[in-house]
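Across the two complexes that follow, chain A remains constant while its partner is chain B and subsequently chain C.
Our next item is the complex of A and B:
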């Protein structure tokens, strides 16, 4: 067996990597703090946040309010932007110093980039893209739930001997905890041993924001191949319902929609109250990203489409026949209750 | 700079819609399931072949898996790859990402003289996306995950790519050698070349390496080398749904649906 750099006997605590961008914590980091709190309910297991960046100390208090008992902050101008080499070097040193039992990261592009790299550096196991976490009753081992084969199969994965037990978790699978401003916690500034020569990555351009976050939408109107690139009705319905437009894989591949709207295994896990799914056949890879919706409406011209098995209300017809009268009816209904 | 040597890592996966779990034995039934090259890895092959056309050099395909992967190696050769290596040994089986990335890295080390190692963003059966950064760490290369619009800059020995971020993107530049995972849908994979197909099937250079052919520590590969274990499997069960089919004219259906959706309006 490949031995990790430290063992289970020396390890303690649940650590959460606090991913930040432009002075804000990623939602998934807060979700993980909330889940970690829930996992240790009634036990004396410390929850530690690890925060890397440049002048990010102010975010530590937010992490404490969300559930951290302690936040270790590595603050350095060289950490102002995420680079694989810079961040991997610094976080590895912090981990080897603190020896966490469990290390959780958001399954964001940067979170996965970092997790995959440091798991090998630490010679430990990584359960990627978890859709749920629990602690095994007697052993206290982390059990990660992952979806395989496009979502048709669930596997439960654990890492008995190597430490830390690492997992990345998809955004949106846990709720963001209600912040408790009265919570007390310790903020520890850790020394950063990083020189310019340690960073080979040059960031030439960095554009974030202005995109949508479909994981937070209460109403999603989703469209797939069936829309043939015409989003006018879908956009109209989404905006009438104060919702967002989501898509399956096809519109992204076809260039009809941007990747940040993609629902499913390779896209985002969403948990809206209402999802109206138009012209999407409903392969596992898609439905895994929408099945947490409270209510699902499916509109598809193919009566045999698997999406109907995942839906509450089903309409077998072309979406372009269904949406115009539906939009009209929504307008009328909304007009009736004050036209919010 | 000498011509580019690009390693394209591919995986052969069962078609996801055909896979079922035997819930009694908790094993995955793969018996009658058809396989395919992991769809994101087709984007890898396309990117590798395009870069070869731009800069000269060669494309070497690497995969780890059972002998039944052989025809898929030849498919990659028919698309334009120059040679293929299949790491095939029972000792490699049941590897998690640590053991998989180690074995692939050692195979690539033996092939040698690589500039760029391209992997798929993820595999449709496991979808972990953790193997590419793992290979990068074992081989101490730079890495670019979720890459598209990848350009090799031969004068400076650098590679530049656009990379996906949460709610945005960045353009980064890193030194070669580099391991990159190619974003799904980054390009349109080409079809195989019919003339190459005949050659690939009969004379295509597919080399099979067992564990003893590459420099690996036996306890670091396969099941023994995997710190994670599968604790259980289950067939995914969706939430109970109402499955109410609405009939009538479009206007009638809209009216009924609005009644049902009243709480959300």
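Our next item is the complex of A and C:
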């Protein structure tokens, strides 16, 4: 196996990549700081945040309040937008200087992109998309829990020899720690050696799309042919319940919804706590993608629809008759909150 | 075609790999292009995929992946017209096999293989749920004294729609007094899904393990619900003894009718058309048996679609396409349902789970009140039930 650029003996500390955009730290970075604190509890292992950007120094204190002992800040106008080239070059130098034992990143689009790049540069391993992190009892090695192959298996992965031990973790896996404004920490400004020619990509515009991941939704409101392209009620119910909207194949075919919302054999397999399935007849190719839900409520005007065989609660009626009173009832139950 | 093309360097090493994976299947091709012309993808795509080019790739060991490699449904129409009898699907599956080695396969297919590996079925459902299709009826475990082993298969075991087919078939077998059983929770995946997405090595493992299981269980005659399982057992399980006799259930029902064990005594006044599954008709020459079963039902009228028998139009579900998405407007089953509706039939009958799923999915094209899709086993079961209501149906027909 290829040797990493530095070894276990020289390495120390848990580092967390502090991802920021538009002057705000990503929630997952704070979650990782909280988890790192929990991992090192009772041990003298420093937790270091790495922050890259343009005029982002103000965020360092927030990271310290969330659990960092030290924050290394690389501040440069060339880092104002995330670019793979620029960020990979700068963070690699910071890592080679500080030699962390463990490096954690959020499994965000940018975090995933950056993690792969720096793992190769540092000749180390990367456990991607972890759903839990542990330290092995005797060795202190990082163990990443990874769900593989559509949830078929859980793998525990460690990186015994090479350093840093890298992992990316999905957002929402760990809790955001309660900030402690009294916490003290060190803020270190690191020099940035970056020239315009190092960045091969020019960012013309930064647009945040409406990307969804229905596989992680706890509540799914799914609609099919029966909605006739009218998603107003479905969207309203989903947002009231803090859920996502999923669809069967027909809305994708008709262009009513994008493929990233499609449930089923050629779409996504979901496992929400609650799935409200509206106007979907329930061919098994669809059902197999929602059957792992804890509770399925099916609404369909056809009493013979096969979806009812998979459902825990069956409502035989047009979804447009059922959803308005349901939405009203949810709003009422939410009471003084006035919804969300 | 007027654009200049970069020259391509042929490498012996690549050629050897491709030649090995495809078993030299492409060698006899003389590039006439009939395959590309006949490929049904031309019916649904503005620009069809070039089967000829794919075969050329397999022949010369050209680098890179051919367009359309994963769109082939292995319907075999190209092979049926090939003047040099090139085993085209073998070449295509060989190229897919290389794609697995390079880890360049479509999204979702690795999950399919892991589902089969961990759960023993293509649905990723627990093996303990395999016998759930029998709910409401009792089907015993197979013993070597039974006349047949009923091989249910992944679709009929798990897919709630296809479960109805298996239950109808059980009722028909019982009416004919057949002694049979299933392997229950032990029933394995037949390997067709794995083979058709090109993972030849894993398919070989499955075939090996299943052959041993069948031998240990003392299986002789095995009757399958799916033509795909039939094709596997009949053509790709080389190590089973001469006593091993795989049959698709349409063949077995005809045997029962000819032996006068299965009789349809009363009329079933239905106008039906029959959709030939590729894996029965083109691949295995089984066109007459299902039709003869239908024609043995009094009162039933069989009308033919123009594309029928060995010229049947594929439903779109073979070659692993059931686990890949086919864009709206590119589904053969939409055309097929249209063709079935044009015959004036009330029911389009088929006898393959994939065909049934695809055709029912496309039914919305013509509207559900005009046409229904039923499996042959379901029609046979309906015909038996019509005996129970005396001959009302017949007299009410006129």
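By definition in this document, the second predicted complex is superposed on the first by the 215 of 340 C-alpha atoms of A that agree within 3 Å, B and C clash if a C-alpha of one lies under 4 Å from a C-alpha of the other, contacts with A are read in each partner's own complex, and residues count from 1 in each chain.
Throughout what follows, a residue touches a chain if its C-beta (ideal position, glycine included) is under 8 Å from a C-beta of that chain, and two chains touch if they have at least 3 such contacts.
Only a predicted model underlies this, so the values are computations on that prediction, with no experimental measurement involved.
Chemist: Counting only touches as set out at the top, which of chain B and chain C does A:215 meet: first, second, both, neither?
Modeler: Touch status of A:215: no partner.
Chemist: So in the superposed three-chain picture, is A:284 touching just chain B, just chain C, both, or none of them (first/second/both/neither)?
Modeler: both
Chemist: Regarding the shared-chain residue A:225, is it in contact with chain B (first), chain C (second), both, or neither?
Modeler: Second partner only, chain C.
Chemist: Considering only touches as defined above, state whether A:125 meets chain B (first), chain C (second), both or neither.
Modeler: The answer is first: A:125 touches chain B but not chain C.
Chemist: Looking at A:241 after the superposition, I want to know if it touches chain B, chain C, both of them or none. Which is it: first, second, both, neither?
Modeler: first
Chemist: In the superposed arrangement, does A:20 touch chain B (first), chain C (second), both or neither?
Modeler: Neither partner.
Chemist: Which of the two partners, first being chain B and second being chain C, lies in contact with A:309: first, second, both, or neither?
Modeler: both
Chemist: Can A:270 be said to touch chain B (first), chain C (second), both, or neither?
Modeler: neither
Chemist: On chain A, which partner's contacts cover more residues, chain B's or chain C's?
Modeler: Of the two chains, more chain A residues are contacted by B.
Chemist: So which positions on chain A get touched by both chain B and chain C?
Modeler: 148-150, 152-153, 249, 252-253, 259, 265-266, 283-285, 287-288, 309-310.
Chemist: Within the complex, which stretch of chain A touches chain B?
Modeler: Contacts found on chain A: 1-2, 4, 19, 21, 26, 83-85, 108-110, 112-117, 119-121, 123-129, 143, 147-162, 171, 200-213, 219, 241, 249, 252-253, 259-260, 265-266, 273-274, 283-285, 287-288, 291-292, 295-297, 308-317, 321-322, 324-326, 328-330, 333-334, 337.
Chemist: Inside the complex, what are the residues of chain C that reach chain A?
Modeler: 108, 110-111, 114-115, 118-119, 123-125, 158-162, 322-325, 328, 357, 360-361, 364
Chemist: Touching chain A in the complex: which residues of chain B?
Modeler: Touching chain A from chain B are residues 14, 16-17, 19-21, 28, 96-99, 101-102, 121-122, 124-134, 136-138, 142-143, 145-146, 160, 163-175, 184-185, 219-220, 224-236, 238-239, 241-246, 250-251, 253-255, 257-258, 260-262, 264-265.
Chemist: Residue numbers of chain A touching chain C in their complex, please.
Modeler: So the residues of chain A in touch with chain C come to 148-150, 152-153, 225, 249-250, 252-254, 259, 265-267, 269, 283-285, 287-288, 306, 309-310.
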